[in-house]
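Chains: A, B, C and D, in written order; residue numbering restarts at 1 for each.
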Amino acid sequence: MPMNYQKILDEIYDEIQPELQHGKVADYIPALAEIEKGQFAMTVTLEDGAVYSVGDSTKKFSIQSISKVFTFTLALEIYSKELYKRVGVEPSGNAFNSLVQLEYEHGIPRNPFINAGAIIITDTLITHYKDPDKTLKVLLYFMRKISGNPKLSIDKEVANSEMEYGDRNLALARLMRSFGNFENEVQSTVMTYFNHCAITMSTEELSRAMLFLAFGGIDPVSKKIFISSSKAKRINAMMLTCGHYDASGEFAFHVGLPAKSGVGGGIVATVPGEMSIAVWSPALNKYGNSHAGTLALEMFTTKTGLSIF
Amino acid sequence: MPMNYQKILDEIYDEIQPELQHGKVADYIPALAEIEKGQFAMTVTLEDGAVYSVGDSTKKFSIQSISKVFTFTLALEIYSKELYKRVGVEPSGNAFNSLVQLEYEHGIPRNPFINAGAIIITDTLITHYKDPDKTLKVLLYFMRKISGNPKLSIDKEVANSEMEYGDRNLALARLMRSFGNFENEVQSTVMTYFNHCAITMSTEELSRAMLFLAFGGIDPVSKKIFISSSKAKRINAMMLTCGHYDASGEFAFHVGLPAKSGVGGGIVATVPGEMSIAVWSPALNKYGNSHAGTLALEMFTTKTGLSIF
Amino acid sequence: MPMNYQKILDEIYDEIQPELQHGKVADYIPALAEIEKGQFAMTVTLEDGAVYSVGDSTKKFSIQSISKVFTFTLALEIYSKELYKRVGVEPSGNAFNSLVQLEYEHGIPRNPFINAGAIIITDTLITHYKDPDKTLKVLLYFMRKISGNPKLSIDKEVANSEMEYGDRNLALARLMRSFGNFENEVQSTVMTYFNHCAITMSTEELSRAMLFLAFGGIDPVSKKIFISSSKAKRINAMMLTCGHYDASGEFAFHVGLPAKSGVGGGIVATVPGEMSIAVWSPALNKYGNSHAGTLALEMFTTKTGLSIF
Amino acid sequence: MPMNYQKILDEIYDEIQPELQHGKVADYIPALAEIEKGQFAMTVTLEDGAVYSVGDSTKKFSIQSISKVFTFTLALEIYSKELYKRVGVEPSGNAFNSLVQLEYEHGIPRNPFINAGAIIITDTLITHYKDPDKTLKVLLYFMRKISGNPKLSIDKEVANSEMEYGDRNLALARLMRSFGNFENEVQSTVMTYFNHCAITMSTEELSRAMLFLAFGGIDPVSKKIFISSSKAKRINAMMLTCGHYDASGEFAFHVGLPAKSGVGGGIVATVPGEMSIAVWSPALNKYGNSHAGTLALEMFTTKTGLSIF
C-alpha cells in the first residue's frame, strides 16, 4: 500500500508548529537578518513527478549553501576525477569557514561543501566557461532545466550584501591562490560564488531540482540524463558525510538521508530511488542548519521508515 | 529472482587476485608486521543465517579497530545519550590518533571510532563494570553471543606488543584525563583497550557478529534483541561517516555501505535490512584500510547494486 | 682604549668572504630574485656620528621587513599603549606569514614584526594620516630625517612585484578584517605596506637611521628626540625577541643584540648606549635571514664583546 | 658613585605593598594553593658576594620552573650542541603546556623552558647519570655548590601532589616518546622532573645560585668555572626570549633583563657583568608569573637604569 505523503506532511506541519520560534535567523548580513522567523514549507517530489507540499511551498528563499550541490554537479560533469586535484572528498571536522586546515593542507580544501571548496568549484567553472557572467548564465540555465522553472533568479541585494561582509571568503580565496590553487581573478570569482548562493527558490522548485540526484542522475519524469549514476552516487555520498557543516554526523543519525542545508534555512534531501524532499524554515540551530527543517526531516524518516540506515 | 551470492563472491575472488600484493601490512608493532600479504577471505551472512564465503574464511586475524563498533554498541546500550557528554558523533577530519583537535576541544574526542574516542568508550565500560578484567569478560561474552562462537579469544602477544609501542595512545588518555574526561586508572584502561583490539576472529565470525546491526539491533536468526533500532541506526550512521579514518568520504562513495575497518586488514559492513559482510586482506592502503578488502566491497556493491546511495 | 672599529670591520670583511656564496637569494618575486649573490657591506655608526664601513656601503638594497621597525616606531609614537589593542608584543613561534595563530587569536597578530602585525601597523598609520599616499609621504619624511638622506625612495618595481604575488598578505589582511581588526580599504593598505617594504637604502643610511634607537630615542648627533626612551626600550626589546622570524632565539644567542632582518639581505642592530650597525648580503639562510649578515654580526660581537648578555 | 642598593630595595619594598594582594596563588595542586598571599622578598647579590635583601629573604618557597635554568645548565655542560637535536631554542608562542606545537613539530619541544622541553632535559640527564635518583643527587649537589647552601632539599609533598595531577605532563612525555624523543622510563622521568621543580629555596639562596650566570659562567666570588662563557650567554639569551611563558616579550620590555619565573612566585634575573637578583611573591598575574615580583623587577631596572636595552 502506497504511503499517504500528504497526510504525513500535514502531521509534520502540525507537530512542527511549537518549534518554529526556536533558533535564530542568520544575521551576518542585513539582507538575511530581516527574514521573519516562524515560516515553514516542505515539499516531497516522487518518481512520477507527483508533488506533495505543506506550508508556503511557493515562497522563495535564499538557497545559499544548497547551491554548492548544483555547482559541484556541474563541475564533476565537466572535470570528472580531475576535479579532485583541486578539492578533496573528506569531512572537515572544522568550522565551515576555517583557515587552519586549509593552510595545513596547502590550499586544497577538504570538500566542495565547505566555503573554500565551493569557491574552488566556482573557480573551475569560470575556467571552463571562460567568464564569470557566462558561468552564472550556464548555472542558471542548468538549474532552470532541473527545476523546471525558466525564471529562477538571483537576489542581487543578498549577493552584494555578502560581498560587503565577504572578508573571510576573500581570505580563503587569497590563501588558496597563494598556494597556486586558483585560476581566475579573486574578486570576481568570489562575487560569482556569492551570486549563486543568492539564487532564490521555493521548496517546490528545490525539491523538483533534486529529483535527478535521487534517481542516479536521470530525471525520472523527463528521462533526461543529467549526470552519470556513478557521479550521482558520489554527490549523494558527499551530502551524507559533509552536507551539514559540523553537524553532519548528527544529521546522518537523526535523519539518515543524503542532504544539504543552507543558512537561508533551506534543506534538500534525497531518498535514493524513491523521492526528493525540500524543507524551509529560516531559524537556524547552533550548527547553522535550519532548526525546524532538520526536525521535520527527522519526523519524515521516522514516520516513513525511509532512512538509508 | 534472488541473487547468487556465491557466484558473486567467486567472481570477486578471481578479480581481486592481482590486487593482493598491493599495499603494505601494518608494521607499527612486530606482532602484526609478520602477517603475510596475499591472503584474502570474504563472507556474506543473510537474514536467514545463510552464509556465503570465499577464501580462507575461518582464518583468524586481529580485528583491531573493528572492535570499536562492539565496545560502542555496549556503551551506547548502557549509557544512551549520556554517552555523548564524553565523546562526540562527528567526523574528525584528522589523523586517527591526532592530539591537536583533542586539545582544542578540551579532551572530548570527536567520535568513538578514533583512538581517543574508543579509549573513552573503554573507560566508560570499566566504570560500569567496575573492573578492567570484568569488562573484558563481559565484552567477550557479548561478542561470543553475537558471533555464535563461544571460543573467541584475545591474542595476548598482540595486546602486549601494542602496549609496548603504546605511547601515543597513552598520551591521548593522559590528555583526556588532564581535562577531567577520564574515570579509571590510565595504564589498565589503555591495556583493556589494546586487549579488545587484539581479539581474533575470522570473516565468518565477524560477518555473523554484525548481522544484528544490519537488522535494526535484532539478530534475525535468533530473534534476540541486542540493541534498540534507534541505536542500531546511530551505529550504522557512525560507521558511514567515521568508519575509515581519514578516507571515510572516499569509502562512502566507492562502497556506499556503513562499514568499519581495522589495521589487521579486516572490514565489516552492513547492508541495512539485507545482510552483513566481512572481508579480510592484510595489506593496507595509504589510509590504513585494507587495500583489497576495500576493492572487494566496491566490487560487491557494483555487482549487486546494494549501495545505500 | 677605544676600539679600532675599522680594523674589526676589515677583519670581518676578510673572514666573511668564504661565506658569501652560501645561502639563497629571495626568489618569491622576480624583482628580488635577480640580485646577485656575493655582495656584502657593513657599517657601524657611533654616538658622535663617526661612521666605519666595509664593502659597498653606499649600494642601495630593498630594506623589506626592516621597514617594520620604522612603521612600528611611528605608530607607537602616535598611539602609545592603545596600539596594543590591535597587535600583540609576544614572539609568534610560527612562520612569519602563518594564518593559523591569527585565526586562533581572533585576528590580533602576535607582534608588529610578523607580516600580519606590520600590515595592522600600516592600517593604523593610514587611519591617522587619513590617506595611503600621505602615510607613505610621512613615513619617507621620517626616514629621511633619521637617516639624514633627503632622497630616500621606493623601488616601485619591487612594490608592484610584491602586489602581484601578494595573495598571502592579502589573505592575512582579509582575515583580520573579518575579525573587525582593520579600518581601511584592504588593497590600498596592503599596497602601502608593500611600498614601505620596497624602500631602498644603503648600510650607511640604515645604520645612521637606527642610531636614535641605540640612544633611547634621541639622535645623539643632532640631539633631536624622535621617541621617548621607554618606547625606544620597547622597540629594542621587540627586536631582540621577535626580530628574526622563527630564528629569533638563535640570533639572540649568536649575536646577542636587538636587531631586525629583511629578505632583501639587510640586518640592522643596536648596541644600546653605544652604536648602531647595518649589514647587507643578499643570500639568505633557511630562516630567511641574511646568511653572511648574521655571521658578520656574530663576528662583531665576539670580537668586541658587545653582546648585551 | 656606587648605587645604594639597600636603599633602592627598601623603596621597592614600600612601593610594592599595595600590589601584594593582587593576583592569584597557583591552585592547580593543593600543596601550592595553601601558600598565603601578601608575602614578598627580594635579594640582590653583587660581584663581590655582597648581598642586599628586603622582606623575608630566608623564607623557602617552591622554585618550580626556575629549576629549568639549572637543569638546562647541567645538560648543556654535558651535551653541548648535541642537546639541540632533542630540544629547540626558539620562543613557543603558545601556552607552556600545549601539545599542538609538539605534535606539529614531531615531538621536539621548542625550548628547554616550556614543560615538554624541561622534561626532555631531565630525560637527557637521566641518560647521562644512568638513574633517576643519581640524577636528582647530582642536581642537588650542583645547586648546593652554586648557592652555597649544603642543605637544599626537595618538598616531597609538593612533588607527590604534582604527580597526582600530572596528566598533562605525562601526556607530553608520552607524545615525545611516541616520536622517538625519549630515552628513559616515562613515569620515573616525569617524577624526577616534578622533584626538581619542588626544590625549595629562599631569595638569598636563589640570587646566590644565579651569580655565575651573570658573570659568564664563573662564580666571581669563588672563581669557580661552572660553565663556559658561550654557554652562559646562551642561557641568558634563552631566559630573555623564553623565560616567562607567553609573556616573555612583555617582560623583556618592562624589565629588560634575562630572567626566569616559576609558579611558586619566584623570579630570578641576571644583570650580565653586574649582579644577580631573586624576588618572590606568591600571587601570580594572568600569565602565571609573580605579579608583585614582575613589578618589583621593573621598579629595580627603572631606578637603576640596569636594563640591557
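As a convention for this text, a residue touches a chain if its C-beta (ideal position, glycine included) is under 8 Å from a C-beta of that chain, and two chains touch if they have at least 3 such contacts.
No experiment lies behind these values; they were computed from the predicted model shown.
Asker: Moving only to chains each one touches, count the minimum steps from subunit A until you reach subunit D.
Answerer: Minimum number of steps from subunit A to subunit D: 2.
Asker: Can you work out the whole-Å distance between the CA centroids of subunit B and subunit D?
Answerer: Averaging C-alpha atoms per chain gives centres 48 Å apart.
Asker: Roughly how many whole angstrom separate the Cα centroids of subunit B and subunit C?
Answerer: Here the centre of subunit C sits 56 Å away from the centre of subunit B.
Asker: Just how far, in Å, is the C-alpha centre of subunit B from the one of subunit A?
Answerer: Between these chains, centre-to-centre, one finds 32 Å.
Asker: What positions in subunit A touch 2 or more of the other chains?
Answerer: Residue numbers touching two or more other chains: none in subunit A.
Asker: Among the chains present, which pairs are found to touch?
Answerer: Applying the touch criterion to every chain pair yields A-B, A-C, B-D, C-D.
Asker: Would you pull the subunit A residues touching subunit C in the complex into a rising list?
Answerer: It comes out as residues 98-100, 103-104, 167-168, 170-175, 177-178, 182, 186.
Asker: Spell out the residues on subunit A that touch subunit B in their complex, using ranges where they run on.
Answerer: That would be residues 88-94, 101, 110-111, 232-234, 236-238, 240-242, 246-250, 252-253, 256, 258, 272, 307-309 of subunit A.
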